[in-house]
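Reading through the C-alpha cells given below for one structure.
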C-alpha cells in the first residue's frame, strides 16, 4: 500500500504511521519527496484496513497495490472455473445459452416459451417468479406459484432452470424449485442476500448493478465465495450512462477485464443490455466474440402481450435464427455451442 | 399518452390499437402524418399499462403525458408535507439537521458523538447498526446491539434517532428502537423492503440510489405511500458519474426539481455526496440555499479511528462551526434553524 | 410534433399556438385531456424550430416525432453507403482495417509501423501529425512534417492514409497530404471544422465525442453532409462513464443502433475504446460480430517507447495475430477481410 | 511517482527502470513485495513523462504523487487570484454577476437585455455572436455583426462584455470588441484555441466540458497560463450524466474542490447547469453558498421568442428578483454583491 501524506505532515507524523504499519507485521517504507512524503507498506496490505489510514487527517490519499478481492482473483486461482447448472457446464470450452421469458406469467406461457427455447437449442431455462419493478403499479410476479410452474417447465423440457431471488428469506424456497439463483442488478449489493446465498451450494448468477464498477461486481462475488459457495457466474447486463438510445449501455469491455482478473465464468445479458429486440442478436454475437462464456436471453412465446420487458423479448423464431447464426461465431471463438 | 407507430404500420394496425384504447375507457386520437402515424389516448393513461403497447411490434415508441407516480406528486397534493421524526418536524419553515456517526461502533463512541451533535444544535441523531459494505472484509456493524446503544444515546440526549434498515425482516426490530428508518442508496429499489416500510407509520428517510434518476426516487417513495405510510423524507446523497475527484456527484439540481414535482420534504447528505470532510460544510450551505429541508451529516467523536467513512466524518468542533455558519444561510432562505 | 401544455394553460393559449402551427403550413391537432392539454403538429415538424415552442412559458415539453437529422437517416436513403478511402471501400461487404501508430514520431518509426501493418494485411494507414493532448507538457505532434512522413509511408506501402485534422485552418494542408480526414472525439462538435470539411470531397472519419449520444454523432455527420460532402464514416471509440477499469466504455450497442437509423458506414476504435493493449483483440472481434464495417487500430513498431498512447498500442506481431484471428469472425459475419 | 510492476517482472526488469529513473535525476526506490514489486521515484516526477512508463509491458500501473498541473495549482500560488474583466474584479471579496442573452439576435434585443441586467445590478454583460449548435438547422449567431452590437450594448450600459470565441482564427477579432473571451464546454479541449488565448492578455472564462473532470479543466487552464496569459476564470456549467430531469447535472462539488486545489477564480452557470428557468435562482444561491466567485446567467428581454436556449433564460423581472434574493446569501458568505 502506498500512503501519500499531506504537505503539512512532519517527520514525527510519518514515524507514527510507520510504527503502526510495523506493528501489524508489514514492512514500512519511508520516501521523503520534494513536495510530499510517501510511505509504503510491504506485505498483505489487507490487514491495514483496521488502521483506517484513509481517515487520517494527515493522509492525502492511499493507493492499494493489491486488489481488494482474493478468492475471485485469477492470481489466487489461475485456471478457469467451470460452474455446473443442473448438468450444464458454464465456463470452459462450452458456450452456454440460458433463455426464457422475463417473468413467469402463466402455465401456458411458460411451457410454450420453454418448449420454444428447448427446440431452438438453449441449454438452460430462465423465468422470473419474483419481479422487482420500478413502479408499484406494474406486474410483480406470481411468487411461489411461479416457481412451481418454472419447475414443471424445467422437468418437461429437461432444461435446468435459473430464477431471480429477491431477499435472504426466499433463498430456501427458491433453492427447492430451481437449479440456479439469479441476483438482479438492483440486488448486487444486497449483502444480506449475498451472504445467505454463500451458505447454499447451488450456483448463483450474479448480475452487475447499474452503477457498479467491475471491481464492485468482483467484490460482491467475493461475499458469496467467502461464505462458502464457490459456484458464482458473473453477468454483464449493461450500466447506466448518459446514452438514452438504448435502455442500458452494455459494457463488453468488462468481459476481457473479468477474464484477466478472475477465474469465474461470465455471461452476457444482451436483452437488458440493449432493451431493444432488434439489437439482441448483434450484441449476443459480440458477446461470443469478446470471450463471454454464455448468454442470458429473454424469449417469450408472444412478446406482444408480455407483462414485462416485452420490448426486448425475442419471438421464438427470432431466437431460433439467433441460435443458428451464433454457431459460426462460437466456432470462431474456439468453443462449442 | 402519445403512441408513435412505425412507418410500416397500416391504417388497420392503427385501428386495432385505437379499439384497444377505447375499450379501456380512454378517448383515442388518430393523427396520420407525412412519415408516421401518431395515436393519442386521452384520460388516465395509467390504465393503459395493461396493453403493454411498448412491446407492440408496430409501435416505435410511446410518450406518457402524465407522471408515472401519483401519491407523491405535487399536482395531487399541492401543499408541502411536514413529516415528524419523534417530535421534530422535517419540512415547512424549520430547517432540520440530523447528525451522528456513520456506524455505531461502541457505547462510548456513540454517546460521545451524540452529546457532541446535541451540544452543537443538531435536531436528530443518526447512527448505523447494520452496515452494508462493498467488501466482505470490512466492518459490518453491531446489529441489534448497535440499535440498543443508539436508543440509549437518543434517550440521554433527547434527540430522536434515525438508523438504516437493510431488509424487510428487520423492520419490526428497528421500529422498536429507532424513531425513523433510513433506506440506503443500495436499497432504494429493494421493493420488498419498501412495501414492508409502507406498513409501518414511522417516518422513512429514503436515499436516492447511485444510478437512480429523480423520477426513480419518486417512484420508490410511491411504493411506501401506496402501502399506507405517508411519512416519507427524500434524501439526495450524490450519484455516480465519471468524476472521481469526489466520492459521488452531489446532484443539488434534484432539490428544486423535487420541490416542483412533489410535496414531500427532501434533505441532503453532503457527507456521502462529497466523501471529503473539507467539502461537507460548503455543500451543506449550498443545500440550504437551493431549498432543501434539512441535512444528514456524519459526525464522529474521533474520525481518525472511525470504522467506516472516517474520511468524510466531521470532527465535533467542525460540526459546531458548521452549525454556527449555517444560521445566516438558513435565515436568508427564510427558515429557522 | 407533440406539444404538452402546462396545466394552467387555457383554451385561448392553446388556440394561439394552434394558429402559429397552422401559419407554418402544418396541420394542428387539439387534444384536451383530463389533466393537461396536448397539441399535435402534422407535417415536416422541422419548420417549427422557428417557433421556439420549447421556450414558451405555457409549454411543459415538446416531443418530436421525426429525427432531427435527415441526410444521414436511413429513411431518406435506405441503401448502405460505401465510402472510398483512396481506392479502399468502407461499408458494404468488405471489412476494412485502418491501422498505424497514434502519432507520427519520426520517419523511421512511421515507415516501420506502416510496413508492419501492411504485411499483416491492413487496408489503410493511420498516424497523427497534430495531436490534441490533455496536458500542455505532453508531446503535441510533428505537424506538417508529420504529414509529409505519413504521405511517404502511404506511398511506400500503397496504403491510403487517414490523419486527424484539428481545425478549419488546417483542412487544406491535410487534404493535400492524406486520403482521409479524421475528426477526433474532442472535435466532434467543432462545428466550424465540420462545416469546412463539408466543403471537401475527401472522406471524413468522424469519431464520437466522449459525452456525445449517438444522436449527437449523427447530427454532427449531418453538418458535413449538409455542406456538400457525403463521404462520412462514423467511428465509435468509447464514451466516458463511471467505470474506470478501462480508459473509456466502448459502446458497441451504438453499432446496431447506427445501422438501423443511418446508411453511413461505421467503424470501431478498440484502442481508445479500451485503452488497454490486451483488450484490443477481443473488442475488435466483438466489433466485427455486432456489424461494424471496419476497425481503427493503433499499432506501433515499438510501443514501449511510443510518445503517446503506448499502453494501448499493439506490437506488430500482436496485430498480425489479430488479423489472422479476425478472419473467421469476418466470415461468420458474411463479409470479406 | 509510484510504479507497480506486473507479477512476472524480474529483479533485472526493475533494475532497468530504476536506472532510467536515476538517469533523469530522480531518486529511485525499490520496494519488493509479497505479490508485486513496487518502484518509487522521488523528485519532480513530471520529467518522467519522457519515459512513457505507462506503456512499458511490465508495468501494471503508475500512480503520480503530484498533480499534473503546476501553474494553476494552489500549492505553487497560495493566494487567491483576482482577474479583472474590464474594471470588474472576479475573485476575492466581491461576488460578480455576468448576465445577458445566450445569443445576440438583434440590436433591439441586445440593448433591451443589456439595460435590463444593468438595471437589476449585474456587473458584466454576456451575449454570444458565434453560436455552436448541435444541429446544422439551428440559428448559428450573427458573427462579427453580433460582436459590434455587443460592443455597443457594453458602451451604452458601461458593463464590460464577455463573449464566446470558437476558434483560434477568431481570437484577434473577438479581442478587439469584447472585454473577456468565453470558451464553451465543447471547446474546453480545443488546444489550439487555448494556446492562442494564452497569447492574449484579456481574461478567459473557461467552461468545463460536459465529459471533463475537474482535473481536465485545470489542465486546460494550465495550457492558457503556460502560454503567458494568467487571467483565467474557471466556470462550472454542468456535466453529462444519466439524469435527464435537468439538461445537465450541475456539479457544485467542483467549487470547493477547485478552491482547495487552485488559486483561480471560479464562477457557476446555473442556466446551462439546469436548463430550466425555474431552477436557475435556487442553483444560483447554492453557488454563492458553496464558495463560487460569481455567476454567469442567461437573461433575455423576451425568452418566449429567443432564438436559442429560451427555456433556460430568465425574464428581466425574474433576474431582478434573483439579484435581490442573492444579497443575503452573498452576505452570509462574507462577500459583497
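Order of writing sets the chain letters: A, B, C and D. Residues in each chain are counted from 1.
The rule we apply is simple: a contact is a pair of C-beta atoms (placed from the backbone, for glycine too) under 8 Å apart; a residue touches a chain by one contact, two chains touch by 3 or more.
Keep in mind the model is a prediction, meaning the values are calculated, not measured.
Going only between touching chains, how few steps reach subunit D from subunit B?
1
Which chain's mean C-alpha position is the greatest distance from subunit A's?
Relative to subunit A, the chain with the farthest C-alpha centre is D.
In whole angstrom, what separates the CA-based centres of subunit A and subunit B?
So the centre of subunit A lies 26 Å away from the centre of subunit B.
CA centre of subunit A versus CA centre of subunit C: separation in Å?
Each chain's C-alpha centroid was found; their separation is 31 Å.
If you average the CA atoms of subunit A and of subunit D, how many Å lie between those two points?
About 39 Å separates the centre of subunit A from that of subunit D.
Hunt down the residues of subunit A that sit against at least two other chains at once, touch-wise.
Residues 211, 239-242, 244.
Can you tell me which positions in subunit C touch subunit B when the two form their complex?
Residues in contact with subunit B: 2, 4, 7, 29, 31-36, 38, 40, 42-44, 63, 65-66, 75, 240-242, 244.
Spell out the part of subunit A that touches subunit B in their complex, as residue ranges.
The touching residues are 46, 49, 52, 54-57, 68-69, 132-138, 140, 166-169, 186-187, 189-193, 195, 209-211, 216, 219-220, 222-223, 226-227, 239-240, 303-307, 309-311, 313.
Quick one: which bits of subunit B touch subunit D in the complex? Just the residue numbers, please.
Within the complex, subunit B contacts subunit D at residues 211, 213-215, 239, 241-246, 249-257, 260, 273-274, 276, 278-279, 282-283, 285-291, 328-329, 331-333.
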